[in-house]
Structure formats: C-alpha cells, structure tokens
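Here come two complexes built around chain A, the first alongside chain B, the second alongside chain C.
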Partner chain A sequence: MDASTTIRADLLTLTSEQAMMLSPYLWVFGGTVLAMILSVTRAIQPRLPVFIVSVLTALVGMVVSLGLFAADRVMLFNNMMVGDSYANFFNVVFLASAALTMLASFEYLDQERLQYGEYYLLVLFAALGMMLMASALDLIVIFIALELMSLSVYVLVGFRRADRRSNEAAMKYFILGAAASAILLYGTALLYGATQSTNIRDIQAFVQSQSGGVSIMFTLGAWLVIVGFLFKIASVPFHMWMPDVYEGAPTPITGFMTTGLKAAAFATFVRIFISTGYGDGLPAAIQSHMHDIIVVCAVLTMVIGNAVALTQTNLKRMLAYSSIAHTGYILVGMIAGQGSEQGYAPVVLYLVAYAVMNMGAFAVLAILAARADQGLNLRDFSGLSSRQPWLAFAMSVFLLSMAGIPPTAGFAAKYLLFYSAVQAHEIGLVVISVLCSAISVYYYLRVLVHMYMHEPEEGAAPLRPVSVWAAAVVASMVVLTVQIGTLPAGMLAAAKRAVMSL
Partner chain B sequence: MSYLPVLILVVIAIALGGAIQILSHVLGPKFPNPMKNSPFECGMPPLGDARHRFSVRFYLVAILFLLFDVEAVFFFPFAVTFREYLGINMFMVLEMAVFVGILLVGYFYVLRKGALEWD
Partner chain C sequence: MAWLDSHLLTATVFLPLAWALAGLLVPARAEGGSGAIKSWTLVGSLVTFALSLLVYGRFEATGAAEFQLQEVAEWIPNLGISYNVGIDGISLWLILLTTFLTPIVILSSYQAIDRREKEYYALLLALETGMLGAFVAIDIFLFYVFWEVMLLPMYLLIGIWGGRERIYAAMKFFLYTVVGSLLMLVAIFYLAYQHKVQFGSYSTALLDLYKLSIPGGELLAPQSILFLAFALAFAIKVPLFPLHTWLPDAHVQAPTAGSVILASVLLKMGGYGFIRFAFPLFPQAVALFQVAFMTIAAIAIVYGAWVAMVQPDIKKLVAYSSVSHMGFVILGLFSLNALGVTGSIYQMLNHGISTGGLFLLVGMIYERRHTRAIADFGGISRTMPLFALAFMIITLSSVALPGTNGFVGEFLILLGSWSASPALTAVSALGVIFGAVYMLWMFQRVMFGPIKHKENENLVDLSFRELAVLAPLVVAVFFMGIFPNFFFGEMETSVQRFLSRSNLTVAQAAVVAPEAPAAIILQDPGKGN
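== the complex of A and B ==
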C-alpha cells in the first residue's frame, strides 16, 4: 500500500444538496429494481403491476426533476456529474418520454402478444441512461451512460423476436452502434492523452489556455468524439442505420428513439461541443474548424433527409427520414448558438417541440398498427378521417407541426431556430434550411391528403377501439403541441434558464 | 548485478525443462495411436469445421459467469482498503452493501427466469 495515498473525506459524504439532486436518479433506479422484482414474482400476475409501477416511477421522477429545475448547480461525485437546470430540464423530457412510451405501448404489446415485464424495465433503464448522460461531466461517465441507454434500446428494437425485420434492425443497430461507441471511446482516449483529463471542464480549461492552437492529437480526439455523437443523432454521413432501425423496431419504441434518444444525444452533444470546440473563450482556429465540419454535416443532413423522405410510402420510414432532416435543422441551431442572442435555447426548445410532436405521431401509429406492425403504408391511411376522425385530426396536428405550420409547436421552434441562425449571420444556411423545410411540406401534406381526400381502401381491416392510455397520450400531445405553438414564451424561458446553467 | 540470480534461475529452468523433454523423448517407450497424437482440448475434437453449431445456452452461461465474475473483482480493492476509511465514516461499507444488494437483485432475477437451469 502506497503510504502517500490521501483519503479525501469530501468524497465520502453526501451533502443534503447533493442527496437532493441525486434523488430523481435514485428514485428511478429504485423503481426499476422494484419493477424488476415484481416481474419475476410468481404470486402475482406480473403484467399490470409492473406496468403501473414503471409508469409511476417515471411520472414521479419527472415531478421530482421538475421541482429541482430551479435549484442551484450542485457538483456530484468528484465533478464527474453535475446537477444543474440543464440536466433537470432534460430529465423531465426523458422521463416524460419514457412514461408516454409505456402508456402508448400497453395495448400495442397485448396485440403483438409481447406483454413481458422486461419491456418496461428496459425503457426505464434506457431513461436512466439518458438522465445520467445529460448530467455527466466526464467522458467516461458519458460513455457508460451511453452504453446503458444504447444496450437497453438494442434489446427493445429487437423485441418482436418472431419478426425478421425486427431482428435485422436490432443486429444492424447493435453492430453499427458498437462501432460508434468504439469511435467515441477512441476519441476520449486521445483527448485524455492530449489534455491529461477526461473531465469536460478540465478539457475546456486546457483548450482555453492554448492560445496558439492545439495539437493534432487533440483535434483528432475531438473529431472522433464528435463523429461518435453525429452517429447517435444520425447526421448524414452516419445515418445509414436509421431508416431500417426505425422501420424494424416496435412502433412505440421508434417513438421513444425519436424523442428520448435524440434529445439525450443532443443534450450531451451540446454540453461537449461548447466546451471542447465551440464555446466562449476557445481559440478561433479550433472554432472555425468545428464550424466548418458541422456546417457540411448540417447541409447534407437536411438535403438528403428531405429528398429521400419524398419517395417513401411506409409512414415509419418516412418519419425516419424526416427525423434525419430535423437533425439537420437542430445542427443549424447548434452552429448559430454561439453568435446569437438566445444562445442554445432555440436548440433546446426545438428538441422539446420535436419530442412532443413525434411522441404523438408515433402513438397514433402504434394505435393504427395492425398485427406485426403491418398497415402503416400510405394507402392504409386513405379515408382515415371517416373511420377514425379524432385520430386523423391528431395526426394532422402532428404532421402540420413537423412541417412547421402555425399555430403549432413546430412553427414556433423552427422560427426561433432560424431566427437565431440569421442573428449569427449564417444566411446561406438559413436559406438552405427554409428551402428544405418547404420541400418537406410535400410529404407531410401527402399523408393529410390521403386521410381527408381519399376514400377508404376496399376491404380495409376494421380498426380496433382505441385504449384509454394511448388516447390520453395522443390527446395530451395535441394539447402540448398547440400550447407550445401559441404560447412559446414559457417554454423558451425554461429552455433559456436551462442553457444559462451550462 | 542484483539480477544475476534471476539469470541463473532462468538458465537452470531452461536447462532442466529441455533436459527432461529430450531425455523422455530418447529413453521413453513409444506406443502411438491417433487419439494420443491429437492435441488435447477439453475433451472436444480439436480439429474440424469452425462453423458447427452448439447450444445457445453456452452463451448465457458465459455471459452470466462474466457478469458475476467481473462484479466480484470489485470486492478485492474494497477489502484491501476499507479499514482505512472506516475512521471517517461508513460510506464505503454502505456503498458496498448497495452494490451487493444490486448484485443480489440481479441474481434473484436470473434465478427466477430459469437462466441457471440447463434443461
């Protein structure tokens, strides 16, 4: 034993602020463990209790995080994690997305005969991984949290075990995701070599102290980390996995991936991005470098995502490509964040708006999906307005929101995002974004045309009655979409507060 | 100079090992058969197509073994150092109790799922 080992007493205690900041994580973890035990207890029929415990875990965790939103920043675990408004803001998003996913899934799983307790456990574990990711300040912690999230989602994507598409999607996602994780880890190793730390704040301090520019090793490490995240958010050179995975995954899980996963990856990406490449006080050389990379990715993502979405006839696949396109818009916001008055708040607001409308859209798809996820092609939506008028109305709201038409959340978020890009003098990017956005209206409205102007298909299978849970999800998302669209100031103020705490 | 004994040991080890191999080869009786001449590998035929199928249960056992084995590795550094920290507070002990608790829940789950039964 080395005699010079120092015992740091401050690491052996939790102050009451720290314990409070950790309470959502501990609560979610405790709830998950309880649900896990319940799912294998023979005395009770595990379906309903596991579902209820899981949903309550997520909802109460959400309320606790909401309560902590206004609290001051607290450093946790030797600065490896931080509890700030930004982390709590995203905790609310993740837990809400997990709870809504589970609510939308219950009926769907019955129909698919997949009603296993593990489904809910994996959703909760994925949500816990996202929470840890958004509050992590250390690249190693980010990696572990990312793996916790990704591994859970790999399993969920392949949850329809009897379906070949689901298996293929899970395998593709697993192999490509593992490769991306390896790239991220390699970048972390290089950053550690260049800066002697894996802590984001230490890396930031190191970069700020390098007035003459940084070494090649640092640049390469930062690139690799950024590539790892570009993969997770499915930006264009690294998007190939996404359509297949989105199509093969069970529909509610696809919704979970577009909302939770994307928000988690972006939340962490922004945190890393502004401290290692694009934040205050960093050398101009490295900033312009990162700027150019992200601009190229953003333009490619918007153009390719929208162009390919035009030709899709399967709705899940179309929404997957539209998700790629939306990634491009958010990247524009990230580029603009530094130079605009609102900072990164429009990015955060866009993530919330996007999560809300996608959660709703995929909940509608989960209701409409026939057995084995069939019946999600464009022609299956013909005449939906006469067969299920309320679902058709809700779907129209979500699609109009994605297209960015007022008075929906998509419009408010897009307006603020593009406005911040104008302020940052990225006029060229804004022109491309608006043109792409105009293209996207075509494929969103095509669904509306099918729903309202076409007659139902001959011999279309009768629709099942809508379950209470799923209807509640869809209705609340419609309300939230319109609420953010008409009164975005409240959400924007919250987003601003979250970003200020970074 | 302080490494000279190591060098002597290495020389003796090589000489002794070599001598035993050579002597048994020269002096020993030889009754070869095909089974005897094949390399030994856990009772399985060592040569053949690598793509032959075997039970998926091996994977499960391997994963569970790896999981519980790696988790047990954390006990060793804890056991070596925890006395020094007891002087401050019980944090280390409590943390290990939580860790073991999580391990037990996982074990309970695996047991109930029947992953430890071969048939």
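== the complex of A and C ==
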C-alpha cells in the first residue's frame, strides 16, 4: 500500500509539546464558539456577556502565546504548521490587536446601533485566521487561513449595512480580494507543478538545489504567489482597493485592518518571500531579478502613497494612503533582510510599531467619529486641543510616530529599518525612503496644525463622551509608542528572537 | 547629592522637562490670573541655570579628557547605541548661553502671552531640554534624537502663539529642518555601519567615529558626500545662504520668546554641528570645500546685509541681519585656524546675546504699539529714554563697536579668514560696514526725529520687569566685550583639539612637532583696538 492510503497514527495524535503549542489556537476557537452560543441565547441580554467573553478570549490567548514565545520550535500536522517564536510573536500582535479593536468598538457600536454579537465573533475568527497564517508552512493551509481571515473581514467592512459607503467598500474588497485569492491559488498550483510540493520549506529546498536556475513554471508560480501577497499588503500597483475600503469600513475595523491584517499579511509574506526566491543560498540570478522588481514596487509604493496622502482631507483616507506608504518602507526592510545583520528583525519591529501607533490613531478616530462615521475630515479636527486636550495629545503622539519623529516608536523602527538597508548597501533606496518620509511629515503635521493652531469650527457638533474602554486603549497605546521609542532594545531583542526561529 | 554629583549633565538637561511635566499639575487659571505657572516656570529655568553654573564650576579648562563630566549608559546595545553625554570648552559656553537666556525669555513672555499659558511655558521648558541635550550629546544617535526633538516645541510655539502667517511659517521651519536632517540620518547610518566594517563592533559614540578612515579627497568620494549630507542639515539650521528662506518667516511670525530662542540658540545648533560633527569627521572634505563654503559665507554676509537694509519691518530687518551675522560664523569656521574658529564660537555667543536682545526689544515695542513697521515710529527716544538706551547698546553690539562683544568676534573672524583668503575677507568686511548702515539707519528712523504719530506720544517707558529682562543682556554685552579672555581660557584646548582633527595641515604638523602646534597662540585680542 502506498503512503497516501494508510492512516498514520502519528498524524492523528498530538504530543504534549504539540498540544501545548496548539493551545492558543484551541483556546481562541473555544472562546469564539462560546461567544457565538451566548450571542444567540435569548434568555439573557447578550450585549455585555459576548463582549466580555470575546475580549477575555483574545486577552488570555495573548497571554498564553506570550508564555509560549520562548518555547522551542514544534512542527505540527506533518509540517503543515509550525509553532515557533515567530508564530507566537505574531499571535501576540494579532490577539492584542483584536482585543484592542473590540475594546475600542464597544461604545462606537452602541452609538451606531450596531451592537450585534456577530461583530465580536468575526473579529475573533479573523484573528484566528491570522494566527493560522503566521504559523502555516503549507501554501494550502496559508490559503485556507487567509480565506478565514479575509471572509470575516469582508463582512466586518460591510458591517454598517445601512450605509452605502460601507456596502461599496465591502463589495469592492470582496471582489478584488477574491481575485487576489485566485491569483494566489493559481500560483500555488504552478508551484506544486514545478516542485511537487506545496510546503514552503520543500519549495525552498527545491530552489536551493537548482544550481542552474529554475523553470519558467516555477518563476511564474512564485510571482503569482507574491502578487497575491502584494495585493494583501496593498503595495503599488495593487493598492487601488485600499483607500475606499479603509474609508468605508467602520472606523475600528479600519484600525484592525491596518494593524492585524497588515501584520498577518507581512508575517506570512516574509515566510513565503524567503522560500520563493529570496532566501539564503539561492542562485544569484534569481535573487537579483526578484530584487529589482521588488525595489521598483517599494519605490512606487512609497512615492505614490505619500504623494496622494498629501491631498487627502478625510483622515481615514489619509491614513489609508499613509498605510500604503508604510508598506513601502516595510518592503525596503524586506529587500534588505538578507543583506543585513539584523535580518528581518527590523521588519518585525516595524510591524509592531506600526500596529501600535495605528491602533491608537484609529481608536481616537473611533471616539471622534460622529454618527454614521462622519466628522473625520480635517476641519472637524480644528481646535481639538481645546475641546479634548488629551485626545489631541494622544493623536499627536501617534501622528508624530508615523512621521518618524523621535522619541516615538515610529522613529526607532524607521531608524532600524533604514539602518539595515544601509547595511545591505541599498543606499539609493534609503535616500528615496527618507525623502518620502520627509514628504509625509507634511500631511501628518497638517492634522496637528488643525488640532492645535486652528480655532474650533463654529457650530461644530458636540463630541461623544469618551468611553472607559476606548480611553484605556488610547492611553496604553500612547505609553507603548513612547516606550518603544525611548527603549527599543527590549522589543528589538524579541523581534530578533522571533526571526531567528524562522 | 551623590547622584547629582555623578549625573550633573543629565540633571541639567532633563530638569526643565521634569519641571514642565510637574508644571502641568499647577492650576492654569487660578483666581487672580496665571501667576502660579509663570513663577513656577521661571524658578525652574533659574534652577537649571544654577545647575549649569555648577557644571561650569566643575569644568577644568585644561582637562586632559576630550569630554568632561562624561556619563555613559547602555541604551540599544544591539547597535552600539549608548546614552553618552559630555562637554568640552565649546559646548560649555553654548549650554550656559541656553540656560542664561531661557529665564530671560520666560520673564519676557509674562504679558505677551495671554492664552494657553500652561502649554506655552511647558513647551519652553521642553525646548530647553532639547537644546541642552543636543549640546551635550556625544553619541551621534543621541544627538540626532535631541536635534529632532527640539523641533517640535519650536514648531508649536510658532504655530500656536505666532503672528498672522504663523502656520505657514511653522510648517516651513519644520519641513526645511526635517529634509536636511533626514539626509544627515542616512549619513549617520553609513558611519555607524562603517564602524562595524572597520572595527568589527557597532558604535555610534562620537569618539569612536572620529577614528574611522573614510576615503576622501575627491568630489564624489564618500567623505565628500557624507560631509555634504551633514553640511546640508547644519547649513539649513545656521541658516546659510541660499537655504535661509525659512528664517525670515519663522522669525517674524514667532512670538518674541520663540524668535529669541530661535536666533540665540537654535541657529547656533548649526554652527555647533559643523564644529562637533561635520569638521572632525570629514577633514579631507572640509579642505576640499573650504573655498566654496567661505565664498558662500561671504555672499551670505553681504546679501543678508543688503536685504536687511531695505526691510520696512524691524523684526524682519533683525532676521536678515542674522543671516549676515551667521555668515561670519561660517566664514570663521572654514578659515580653519585658531583665530577664526575661536572668533566663530565667540560670535555665536555674541549673536545669541545681541540678536536675542534685539528681538526682545522689538517685542517690547510691539506690545505697546502692535506694529513693527519702521515708518510707524520716530522720535521714540523722547518718550522712552530707557528703552532707547538699551536699544542703542544692543544695536552697537550688533554692529560690532569696539568695547562690545560683537567687535571681538568679528575682528577675530576677519583676522583668521585673512590668512585663509584675503579677497573673501575684504568682501566680508564690507558686511561689517553694511551692518552699521542698516542697524544705525533703522535706529535713527525709529528713535530720533520728530514724533510723527500721535500714538507714540504717550508710550510708557520700560517697566521694572522689562528692565530685569534687558539688564543681564546689557551686562553681558560689555562683559564679553571687555573680558574676552575670560571665555577663551576654556575654549583654547578644545579649539586646538578641533583644529588638529579638522585641519589636515595642523594635523600633520602636530605629528611632526607635537610641541609646537601650528596655530597661532591667542593673545588678548581685546587690546587690538
């Protein structure tokens, strides 16, 4: 009998290490199911219990992942998944981002009359998808996890059902996202054809063994997979969906997308990137070819993201373009990853810093958004420093961090990222990056100008009361932004440990 | 006290920030005005000044160590970045200038600032921390952090409390500086990486970076490119012609205290950056670009003076005079000899005192008349004799009359640059004459003649508070003019060290004959008149 028809017992049982490594996934799944049951129970008023169960699920899962961070690598499910520091590091990021999103949403949903249990369930399912993505080693598993995440987020984007913008955003995102998924899947098929495997480690081993270069089928497959991810991270020229989706989605979900979704896409992208032609010990011809095209993408992403952000007057849209620009910076770090001593650690650190400051910024926006997500235009921020001094201060910290002004997380992360690019002899690229980030200072500061240097608009709508949950999110993100900015050594060491386990 | 003893610089740098944070707890609008926050801030700045005097007391003029009162602590060990502070005879005086001026500008703001006072005074103190930090940092990463950090309070000071075009001016100020400093950041990456390549370990400590050998000598050699990246950041800050266009806007729009700090300390940051970083790190590039930069400096001197001459607005006139005066600083630095460099450093201090004083005076008259146009005045000396006297003293210091501080600085710079380039010195000397023309002409139009405007007939002379603001500056003008050696003592060793790093001929001469440095030994230049 050949191997495919026998039932191998070792695939069906788990060792204790494997069970341990899987515990955060099982916990999150269990918590989600519990929340789901609660949300359909008619005996109780489900609003608060679902919220509490969901937040606790994410928070406890985060703590468990944190505890597993230092554990040794464990292979799971016949090498289809791996439990390593890298995966656990990102699990912490995803679950924290999910928990913070839910905390920032509670009051917002009440105000928008959208307080349904599904919201929290979908956030948790999306987080579970992200977790599986970051730990998957098999392109099929990656695809399934990606779909779990994406489908949940498609629904979340369209959650404001009565709002046309929200519907439009969900539809756009769904159609384009489905197309990208198809491209990814097609690439996977081609890679399987070229290498007889869908496991990214096998693919990597295959590439390394091809001293004379790889077949066209492989190259095409690798490119399609990478294009799929370039779409997910919204790199130019695959960025068109993003501003509309960001603008139309409920504000806390936009925050979730910039933090969790982006981190998940990049976390998986790094794994795939290494295996499909940019890893160690590859034929130079493959590497440099790939290198040039990614450089072009990175430069275009930075330039277009920043240039278009300059003209935006809606803050959500502006942050969407700024998110595109940041994608460009992270791509610079990815390009430098192989050539510098820090490897991909700056990329990971940048993702964390970016997640922290964006989570904070969108929490502020969620607080400030008036009914139906209006009131997020620049002029609505006029005189915010006198109406809500603490919110204005927090927003300034996040914006300055995005602009890369010390002593904030954004500066520390940018410093390390560009430094690693200089190490990798990408000086031209670094010069372009810093000039782009000089451009970005303008539009970030423009918000500060409105908050601090303009008087409040006549007849501006009164602000909503700030809920305790949202305030806690904002405050903790301010602390983290400054903490990573002033003492980045700890976070850098953690990021380094994570990428070492790759 | 033991902690203070070993962390004196840290305490001096961070005290204002800590004080500002504590000040946020002081009630902003207690019954009977905002006196509490004003006094609180003033006391804080005075305590900082006292601490800096302690620093002065502990400094040894002939100390063997390059940097004294040094403190080192690990920061980001992964990249060799450390919290590393220390001072030499050059930064010492700039620190004292900063701490000396801060209480003065705080006192000068008592009446001018009537809204959001708490934030205003907190930002002034935060700004002081940023400036002091940049002067004491001897780790290039730390320097960069402070360099950027101090932008922000200044940006807000201009943008919130400034004049009508304040937002435009604040944005321009910020963007100019950021563009320059980001290119410097790339150069910093390169240096830090070179240290790893050449010595096998990461470090961003300045003394380690001085040891790097970077190929130079040609226009496109790494050293030249790195030097230009640094020079761009510093030249924007100085500001050197033709990168000066942010300055008139920022100066004119900023509130008085902002203008004073900007002129007196922030512009010095540019000159200081050249001295501390650009010159010693890239001596071959300095030799290569010496003539080019001296030429630009000479142009800046004459151009700044000409433009100042035709300004109808007093504040704008003073702003352009800064362009001219800071041109002298660059001229002296690039003359690369002891006289020129000492003169430059001295001129930085002088400019801080005299231009700061001029801005204060302009602010005082503006508070009374709400105009700064020269044409709106005339005959003020009759209604405000004390004001006129103070104005005259500061003006004379600005035009470098012998006996005032300005003379010593400009005289030394011209002496120094003469041996480097007589032709450019001759051109620059014209700037001194033009300087006298525009300053005295302005003084005459504002102070003398008949009173043409009715509003000027009942102007109130200086109050006691305003006298307290101006008196220290007037004293400093004369003290620095008559006893320059008091200041040169501390500078001498540091200047020699600077030259042995930055001037290739001096460096080579020092190798041959370490006993006799090639530079000229300073006598008492004050006797030169």
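Annotations for the structure displayed:
As a convention for this text, the second predicted complex is superposed on the first by the 495 of 502 C-alpha atoms of A that agree within 3 Å, B and C clash if a C-alpha of one lies under 4 Å from a C-alpha of the other, contacts with A are read in each partner's own complex, and residues count from 1 in each chain.
Keep in mind that, in the parts below, a contact is a pair of C-beta atoms (placed from the backbone, for glycine too) under 8 Å apart; a residue touches a chain by one contact, two chains touch by 3 or more.
These numbers were taken from a predicted model, which means no experiment stands behind them.
Of the two partner chains, chain B is the only one touched by A:I37; chain C is not. For chain A, the partner touching the most residues, choosing from chain B and chain C, is C. By the touch criterion stated above, A:L12 is placed in contact with chain B alone, chain C being left untouched. Looking at chain A, you'll find no residue that touches chain B in one structure and chain C in the other. Listing the residues of chain C that touch chain A in their complex gives 75-79, 116, 141, 144-145, 148-149, 151-152, 155-156, 159-160, 166-167, 170-171, 174-175, 178-179, 182-183, 185-186, 189-190, 192-193, 196.
The touching residues of chain B, when paired with chain A in their complex, are 80-81, 84-85, 88-89, 91-92, 102, 105, 108-109, 112-113. Contact residues of chain A toward chain C in the complex are 341-342, 386, 400, 405-407, 411, 415-416, 418-419, 422-423, 427, 430-431, 434-435, 437-438, 441-442, 445-446, 448-449, 452-453, 487-489, 492-493, 496. The part of chain A that touches chain B in the complex is made up of residues 1, 7, 9, 12-13, 33, 36-37, 39-42.
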